[in-house]
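The structure is given below, and queries will be raised subsequently.
For clarity, chains are labelled A, B and C in written order, and residue numbers in each chain start from 1.
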Amino acid sequence: MESKSHDFKVRSGQALKDPFLQSALENLSLGFVESRRKCAEALPEFEALRDLGKNIYDHTLENLDFYLRRYEEKVIESGGHVHWASTPDEACRIATDICDQAKAKKVIRGKSMIGEEMGINDALDEAGFETTETDLGEYILQLAEEPPSHIVAPAIHKTKDEISDLFQVYHADRGFTERQTERTALVQEARQVLRESFISADVGITGANFLIAETGSNIIVTNEGNGDLTCTLPKVHIVTAAIDKVIPSIEDAMVLLRLLGRSATGQEITAYTTFTTGPKRAEDDDGPEEYHVILLDNGRSTMLANEFRDMLRCIRCGACMNHCPVYGSIGGHAYGWVYPGPMGSVLTPMMVGLDKAVDLPNACTLNGRCQDVCPVRIPLPKLLRAHRTWQHERKFNSSVFRFGLGIWTFFACHPNLYQFCTRIVMTVMGSLGRRKGVFSRMPLAGAWTQARDLPTPQGKTFQAAWRAKQREKKQ
Amino acid sequence: MINEHVNPSVGLFVTCLADLYRPSVAFAAVKLLEDAGVTVEVPRAQTCCGQPALNNGDLGHARVLAMQVIDAFAEFDYVVGPSGSCMGTIKTHYVELFEDDPEGLMKAQDLAERSHELISFLTDIMGISQIDATYDGTVTYHDSCAGLRELGIQEQPRRLLDGVQGIAFKELKDSIVCCGFGGTFCVKYPEISGKMVDDKCSRIEESGADTVLAGDLGCLLNIAGRLRRRGETTRVYHIAEVLAGMAGGPSIGDGEN
Amino acid sequence: MTLAREKILDRVALAVGRDRIDPKTEAALTKRLNRIPTILRPQWDDNPVRRFASKLRDVSASVDVVDSPADVAKSVGSFLLENDVPLAVAMAPDDRLNGYPWPEYLKISRRNVNPKDVTAITAAEAGVIETGSLVLRSKPQSPTSMNFLPENHIVILLQEQLVKNLEDGWRCALDSSNGVPRTVNFITGPSKTADIEQTMEYGAHGPRRLHVILLLAT
């Protein structure tokens, strides 16, 4: 997917002025935050599970060479195929080749963030396949030609009216000519339209929440059931997953599943948690004849080697963005790529380039709430600061800003000069602003006074006042 | 907890915002510390903890400033400052700056052990659970992020406010949500910061309090600035000012009347 | 493609700091894979049947806890009549569904579902008390499509099939002869979505209604 992260300031400005988005974001955080809290409190073992989850991943990543090979062996043993891709383009080529060889015409997709990363829908379209998203939110976005704005609830920015309009336009040729306005009716209409897609599809592509080395299984966690229909009805099932999705065993998976639902949507478990392993067995009445897994690297092996390894523990629950006050103010599209919020601000620069996503690690107050709620204890603020360090070293941040920071640190490193100058400045500011108590405008402080007044300093600096007091005492 | 027979020496880490903007906070800190029975000194060669440099990836300058702080405070039993974010930087982040410098690391670790935020120093180290103070008003409290998440400060300020006579305390909804200051964040992303502080001010308004307190001047300047822009007269003080009985004068953002 | 595989595995090996995995490490890691540890599992005190039923009801499944095979059959009938659903079902050709005194008016086809079927009836491998989940697996006698295609899914479960935790449920789905099946489903409630203005709706793609009948042991 093409990155628009360089446009962060413009896009976030637009988001702040979008009243529906603002109201949707408010509901999102109220809903998810509260339900996560309730779930976490209801499970006495929750904190211990978080530690366990972190340890499982740390262990896996330290031994990823072993677990990737073991996973591949098991998939092959169960009758499946494993394909490897370093880049999104390679992965898309593999997917289109599989579809070609299967003489497919129609492809359906279950929700998969890696699919967005790959840009797989565009690749399939260009190769001439009719591709349909089946997750309701992703389906709506496919019709609207928009990317997801949240990794779990992708269409939160769409109003019911917008959805009604989309359905009216795109479902007309399927015989649905009446514009539906009730939610229930909209969902039922989508169900009927997509039912046909499920039944006539030749290839089903799903993502994976986890890949299990012990058995060669992949797990998908859904509420709609579209993922299950996608991997059961078509004759070819393709799983797209990144190499960091591999975890050792079923036991490990259950620990992580207990964390995932609670952290993502405040559910103990989703309506459907499904393990698929290989193609259908000879005696099965349904299921795919072919099972393919496309393993994508796209920068993960680099992260494995450097200080960003912790980020590979991410289970894509979305808790960080649900609790992030910055995401909560601007929503997902402002971040300009597949992954928004705190986890997106760490991942996006790694994958699209630090220079193309300069704002993302900086548009953060480092308040740390994300780390507080991350089920696998990823130190997100630390990783964002690491990006800032890289940016500073490569001079990717604004030169005006670097200059300003340079001036501040110069003075701060010279206490006598600092105290001399600040005494003067503060005294002047103090006397100018004493009566009103605030400045509504101040040279060089436009960014501050844009949204708030600048309180007046008391005047004398503490150091000056303290020295004066000490002198008095001595007299 | 402190051995009663020892009179510990405390170096006051003033913080740049208290030094430049609101000395009364630092004077309040001195009073509270002296009342608690410690000797307070204010090293001259201190300016800034280095957070702006640290948080913006300028580790070289951050290291220089960290060494300045380490040297200035080398001789004190404790280093105490009226700010969760500055003391959080000193306590938890200085060690990151010296990972490749064993001697610097040792000094940074030593400083970290001796450093405390003011309120938690009074409660957790000096064992104080009540301070004799009076304040007439309905008070609500904003939990500054660094103090809360880096230093675990949440219960302590409420415990001390509980003992202040005349206060009616109202818990702030979303007290743990960031106010949008974030150091350089508020000037780099003013629109987003503006929304965040506006939300915070709405919560303060909804609480019905006539006074908002916190333990960090960055947050307080941000919140006061937005309150005044909204035309609200809510008083804004650093919690130390209230506890030290120094909240009689103009609060942050108040004019002389 | 093999080239990409080698490149990726080489990069991973470099990142974890070893050229090859020595036999001792390989053995230790394999041992870890093959053990069945008691990794931390949620515990509780509630009555198992009550907990299982209430967890399912909390997610809008309907649950009938019954005493006899006759009541199982009655429950199926009531469910269909109360929900105004056609009195024709696709019933999995699973032996565990044999021998119930189904109502005379019920037209039963013992086969996999087709797109026109409105209701499917299946058994299950287990019921997980921890979460109120049904464990189903793909097998010729109970194809997976039955759990997802129709609007209504009725599951008949015996009390002795209730197990404590998710891990126990998994083990029930394994085949002593064939190992891991193609599909293992943990189903906890009907299909739902909140994708339209964050308000819950049922029957997004999977069944709109899930009806569970738990037959108590005598």
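In the analysis below, a residue touches a chain if its C-beta (ideal position, glycine included) is under 8 Å from a C-beta of that chain, and two chains touch if they have at least 3 such contacts.
Keep in mind it's a predicted model, so treat the numbers as computed, not measured.
Student: Centre to centre, using CA atoms, which chain is the farthest one from chain B?
Tutor: C
Student: Of the chains shown, whose Cα centre falls closest to the middle of all protein Cα atoms?
Tutor: Taking the mean of all protein C-alpha atoms as reference, the closest chain is A.
Student: When the centre of a chain is set as the mean of its C-alpha atoms, what distance in Å lies between chain A and chain C?
Tutor: Comparing mean C-alpha positions, chain C is 29 Å from chain A.
Student: Centroid of chain A to centroid of chain B, CA atoms only: how many Å?
Tutor: 33
Student: Rounded to the nearest whole Å, what is the centre-to-centre distance of chain B and chain C, using the mean of the C-alpha atoms as each centre?
Tutor: The separation of the two C-alpha centroids amounts to 53 Å.
Student: Would you pick out the residues of chain C that each touch at least 2 other chains?
Tutor: Residues: none.
Student: If we count contacts the way the header does, which residues on chain B are in touch with chain A in the complex?
Tutor: So the residues of chain B touching chain A come out as 14, 16, 18-24, 26-27, 42, 44-48, 50, 52-59, 61, 64-65, 68, 145-146, 149-150, 176-178, 180-199, 221-222, 224-226, 228-229, 250, 252-256.
Student: Which chain A residues qualify as touching chain C in the complex?
Tutor: Those residues of chain A that touch chain C are 24, 27-28, 31, 43, 45, 48-49, 52, 61-70, 78, 83-86, 90, 94, 134-137, 140, 153-156, 158-160, 163, 183-184, 186-188, 190-191, 194-195, 198-199, 213-217, 223-226, 228-229, 231-233, 243, 248-252, 254-255, 257-258, 268-281, 283-287, 295, 297, 301-302, 304-305, 309.
Student: Touching residues of chain C toward chain A in the complex: what are they?
Tutor: 1, 4-5, 7-9, 11-16, 18, 21, 25-26, 29, 32-34, 36-37, 39-43, 55, 59, 112, 115, 131, 133, 138-140, 143-145, 147-149, 165-167, 170, 178, 180-199, 201, 203-207
Student: Using the touch definition from the top, list the residues of chain A that touch chain B in their complex.
Tutor: Touch residues, chain A against chain B: 9, 12-13, 16, 325-326, 329-330, 359, 362-369, 371-372, 385, 387-393, 397, 401, 405, 408-409, 411-413, 415, 418-419, 422, 426, 434-438, 440, 445, 447-448, 450-458, 460-463, 465-467.
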